[in-house]
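Please go over the structures that come below.
Next come two complexes built around chain A: one with chain B, the other with chain C.
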Partner chain A sequence: MSAEEKNIKLTRRDFVRKGIQFSILGGIGVMAGGLLPKLVGQEYVWQIDTKKCTHCGRCATSCIKTPSAVKCFHAFDMCGYCDLCGGYFRQGVKNLNTGAENQLCPTAAITRQFIEEPFFEYHIQKDLCIGCAKCVKGCEAFGNGSLQLQVDQSICDNCNECSIARDCPSNAISRVPSGKSYLMQGINWKNET
Partner chain B sequence: MKKSIYILFFILSAIFAFQSFPVNAENRFPKPEFEQGHIQPETITPSPRLLLLEYLDVAVLITALSLISYFILKKRSRKLVFWTSVFSVLYFGFYREGCVCSIGAIQNVTLALFKDDYHIPLTAFLFFIIPLIYTLLFGRTFCAGICPLGALQDIVGLKPMPIEAWLEKVLGIFPFIYLGLAVLFAATGTDFVICRYDPFVGFFRLDASFTMFMIGGLFLIAGVFIARPYCRFLCPYGALLNIISRFSFKHMTITPETCINCRLCENACPYGAINMPVQLKEKEKTETVVRRYILLSIMVPIFIFTGGFLASNFSSGFAHVNPKVKLAKELKNNTNYGMGEKEALEITAFRSSGQSMDELNLEVAKIEKEFYLGSWILGGFTGLVFGLMLISLTVFKYHPDYSPNKATCHSCARCMEFCPVKPGVL
Partner chain C sequence: MITDKTKKYIFLSVAFISIVLFIFWLAYNPVKHFNASIPGLDHRPEHKPDTVTTVNIGEKFIFIKDHTSSLKGKWPNFRGADFDNINKEEIALIDQFGKDGPDIVWRLGLGEGHASAAIYNGKVYILDYNEAKKTDVLKCLILETGEELWRRSYKVNIKRNHGISRTIPAVNDLYVVTIGPKGHVMCVSSDKGDFLWGIDLEKAYGTEIPYWNTGQCPLIDNNVAVIAPGGKSLMIGVDCRTGKVIWETPNKGKWKMSHSSVMPMTYAGKKMYVYAAIGGICGVEAEGKNAGEILWESKAVDANVIAPSPLVLDDGNIFVTAGYGFGAVILKLIPDGDHFSAEIRQKYGPTEGICSEQQTPLFYKGSIFAILPKDAGSNRNQFVCCEPKDGKIFRWTSGKATRFGLGPYLFADNKFYILDDEGNLTIAEADRSKFKALSRTKILDGQDAWGPLALADGFLIMRDSKEMLCINIRTQNDIKK
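Presenting the complex of A and B:
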């Protein structure tokens, strides 16, 4: 009698255990099913909406990467090739030459190259750029706005939650489908092959 | 006539060709036409990390989990577990820089469940779910040496000291509170606190801020004497695995055969996760049992309600973490983020965004409502965990011999080395 009782008790315990095990499995399954519509489809990446960007300079410091994954991109298509470039030179500069005292960029990441009278071309050196937006501000204020801040996808870790997005005062950073950045002006976004 | 149509067509197409140039760009200086044939370079837009590599991470996770489960349950080898930990620290830690990780993925899943416009990355979802399934099958083998945070602490833990049982129980509540807080902040779309306050990710990326470096360093130094302080007393994913592991299909055992009660493994576990053998106790009087049962069934609802009430009082404090709520408050009180004369960037950006104060207030009211409800749930959950902890202390569990505590055992396989019984001997 007592052995039989024990036997019944054990099976009941096993039954409860099995029930919990399979309800955990079922719970995971239900969650996966519920999230399925959000799982299929595009991968998303962080991007700056350059129209919303206020060039506050927080991108340089808020990113978890040092230096920041946000870099200055130059949309050559929009550039006026100015001699007096608002993004290259400090305000009130006397000589328009490449002297360090004349440059706006704190890391001298912009190179100035003579093309022909009176045009100059400006290139950004990615490994020097820290994303401080000083040149972007200058170009926006005095030029065509061809210098723009953007997240460099090859550096960005695609964090769960972009720590710059959280600090961004103008909500300019959001997730967009990868390979489809409509957020920059003057650049046909296409992935480097 | 036909010729004029051609001309018109030509002009129109020329206009449209120029129209493809963004209209809203400030075109102060027209694009130059180069006479000496200079070709304008194209802007390089680097592509993100290959999707294939992301899936490789998932494949590595599955392989590593299968291997470590095999090492623990079948090979019963601490050495192999140790080397898997080293691999995890190197791969998931230093190579992948601690991102994507299962602990942080809790927040992705929460955000995806609560916010419709958020698309969760497939890798984050898989990193959340795969260790859960493995834990249900084999116990916390993920904690043993796959989680880079756990593996790092496990390698550091050289001189573990036992902790008083009551202290261990009390500190063991914190992971659940942390889990609740992380879910609250993620569900309201406020912040990913687990990632922000991850103590070791700064080491993996080699660029921790001073505060986080100090916190991480403290955890590591404490980890030499108190085994895995983060895993045991903070890790929110560990709280989930703690629950699931109790019901695992299989779990590691200390001895390969039957326990001979030799007491050699008694002090082997650095986590205090070995159930000591207990004698069968005398049957309690029915009266005492019933009285205790009634007392507990009254106390648990009281704990839940008190917890909810207390936490709801802090709801405005929680909500203040949300940047939008903070902005509204700063605007209302005219405090300007304590910036003094110069207008704070947030306020400048808000003014230029064209959003009206009423719209912002409406949005903030909604967020604050979410936080109020969320705080009640968080507090109630904490009360429930506290109540269940008390119940678990009163429930008598019979153990005839030494066995791992399935909830808190990290499956590190240290205790196996102490067992003198070899497979096939008895």
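Presenting the complex of A and C:
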């Protein structure tokens, strides 16, 4: 078969058809390539082991992000819903009300709401939380430990070397599989990355 | 050349821009998006004592059977017969649990709480809360078997708040006095449970029930029930036979009820009742025509939660401690005519010396023993010993590997019996030079095993949040005797 005959056989229609076939195959290949690591392996993210955390406060200043990617999370199942909340009020406070002078949080990131006598519900405003751990320390000392520090995966840049992990005095921060990206006590998290 | 007219325009323009900028600067509020943290944002309603709900104290009674016991041991109220948490019976007690573990005599399921037992002549008295029936229930049991003899109850709706029940009855030959979680005082006969009288402290005295329900345990002294309601009377003495209030201490400082209990003390020939309220601490004349009169008071105890009771030391010294950041204060009473003044000998924070969050410390042979609170820094939750002359110097601590949470402890047969939060019971040698654990065993499931221990006739009673348990800790030799 001569070269001329070959050129005659590769029509424009054939060219387009082959092009589409190659595109589809290529797309499938790219998708398979993307899914392969998730199927055969896992990504890892930084997270705090709450059992090791000593609430030293370095998470607030060591993170490269401002404010820190470490935030206070609230395990509602563990909370006692106390009026006198060690995570909300400063020690020795006389008036249990929402006045700024009574609050432990330096940025007023915790709100409290009366539910029914004698219970109050506490919520963390993530955009205000700086991860200083003052509330976590208070809750651990006087309550059930329902306030806990965690790396907020929706904010964390997942740096190759985490500057908080480098500074953490109790080695509480380590890489964990992205499928189990939160290590809080008292909560069954849905897997989220 | 710039003409005068141009200069004038430039000047006017600059002046105009400056004025505009000044007005903008004045009008601009850089913090207008801030939300002020002011009282009331939690929408808390104003507190009003419950004057509507009527509680018919002692309304129901179930008699099960009679019982006469040969046992004569007594742990008749909170902290035992002498209010010192020391069992002084001449009974040899175990110092090892052995291979088979503790000798469990009986178990009893209870409503969630920390209420503990009083023991009197072979009978056990507990004020429980039945969550299903919503009743305070005073139960009388046989010490050796845990079988119930009778129960007296009354309906009162109480919500769970870190447990519900948390007081210990006071018992003598004739009477049992209880204080329920919502301040309902009940007096019944100790033998048959016959109802004698009741007082609703919230209604009668305007008592403000403390956070997490009432923790104050009553005291019976010469058949007078001594109770500290706060509200309109700081302390009252009630004739157990008639229910008549025979003396009252006015509450001029508007002090409030704490979780602390009234402790008797005698110093410089005066018998007094010492009470650490929310607002301050005081001593109240205990006998004579001036009974109920305040002998001394001090605002050195300014904690907003006080669970431990005042610990009476030697020579007119009183050790007062509280958790939640308070620490401790040692007061010295100085006689001043018929009254006293209270001098602060030492005051320090929770990381600086011996203090306690929940259990009342123990004073034995001139030393104070306590479990440190959770906010005591690196020594937190350790069992420690110190001398009263300086609460900041520890003779010893139990060590970082031996912590006890907020659990109770007592002293008997020259040993400490210490229960931790998780239901592990430790026997430790009573030694002023070092801490030495002799034996340890898991004995309760242990959610919040905080109820004070009670010991009489070799039967040690303890509880966690949902179960009470009695073990026999007599030595085998002693049992054979």
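Some observations on this one:
Following the convention adopted for this analysis, the second predicted complex is superposed on the first by the 148 of 193 C-alpha atoms of A that agree within 3 Å, B and C clash if a C-alpha of one lies under 4 Å from a C-alpha of the other, contacts with A are read in each partner's own complex, and residues count from 1 in each chain.
The criterion applied here is as follows: a contact is a pair of C-beta atoms (placed from the backbone, for glycine too) under 8 Å apart; a residue touches a chain by one contact, two chains touch by 3 or more.
Here the structure is a predicted model, which is why all the values come from computation and not from measurement.
Of the two partner chains, chain B is the only one touched by A:Gln21; chain C is not. After superposition on the shared chain, chain A has more residues touched by B, the comparison being chain B against chain C.
In the superposition on chain A, A:Gln153 makes contact with chain B only, while chain C stays out of contact range. Once chain A of one complex is fitted onto chain A of the other, the partner contacts of A:Ile64 are limited to chain B, with no touch recorded for chain C. In the superposition on chain A, A:Val30 makes contact with neither chain B nor chain C.
Touch criterion met: A:Gly80 reaches chain B and chain C at once. Note: residues 80, 82, 116, 119, 140, 142 of chain A belong to the chain B contact set and to the chain C contact set alike, using the contact criterion stated above. The touching residues of chain A, counted against chain C in their complex, run 80, 82-84, 86, 91-95, 97-100, 103, 108, 111-114, 116-120, 140-142. Considering their complex, residues 21-22, 24-32, 34-36, 38, 40-49, 51, 54, 97, 99-100, 104-105, 107-109, 112-113, 118-122, 124-125, 129, 132-133, 136, 191-192, 195-196, 205, 207, 244, 247-249, 323, 344-346, 348-350, 352-353 of chain B touch chain A.
Against chain A, in their complex, chain C makes its touches with residues 35-45, 159, 161-162, 211-212, 302-305, 323-326, 373-375.
By the touch criterion stated above, chain A contacts chain B in their complex at residues 17, 20-21, 24-25, 28, 31-32, 34-35, 38-39, 41-45, 51-52, 54, 56, 58, 64-66, 73-82, 115-116, 119, 121, 123, 140, 142-145, 150, 152-161, 163, 166, 169-171, 175, 178-179, 181, 185-187, 189-193.
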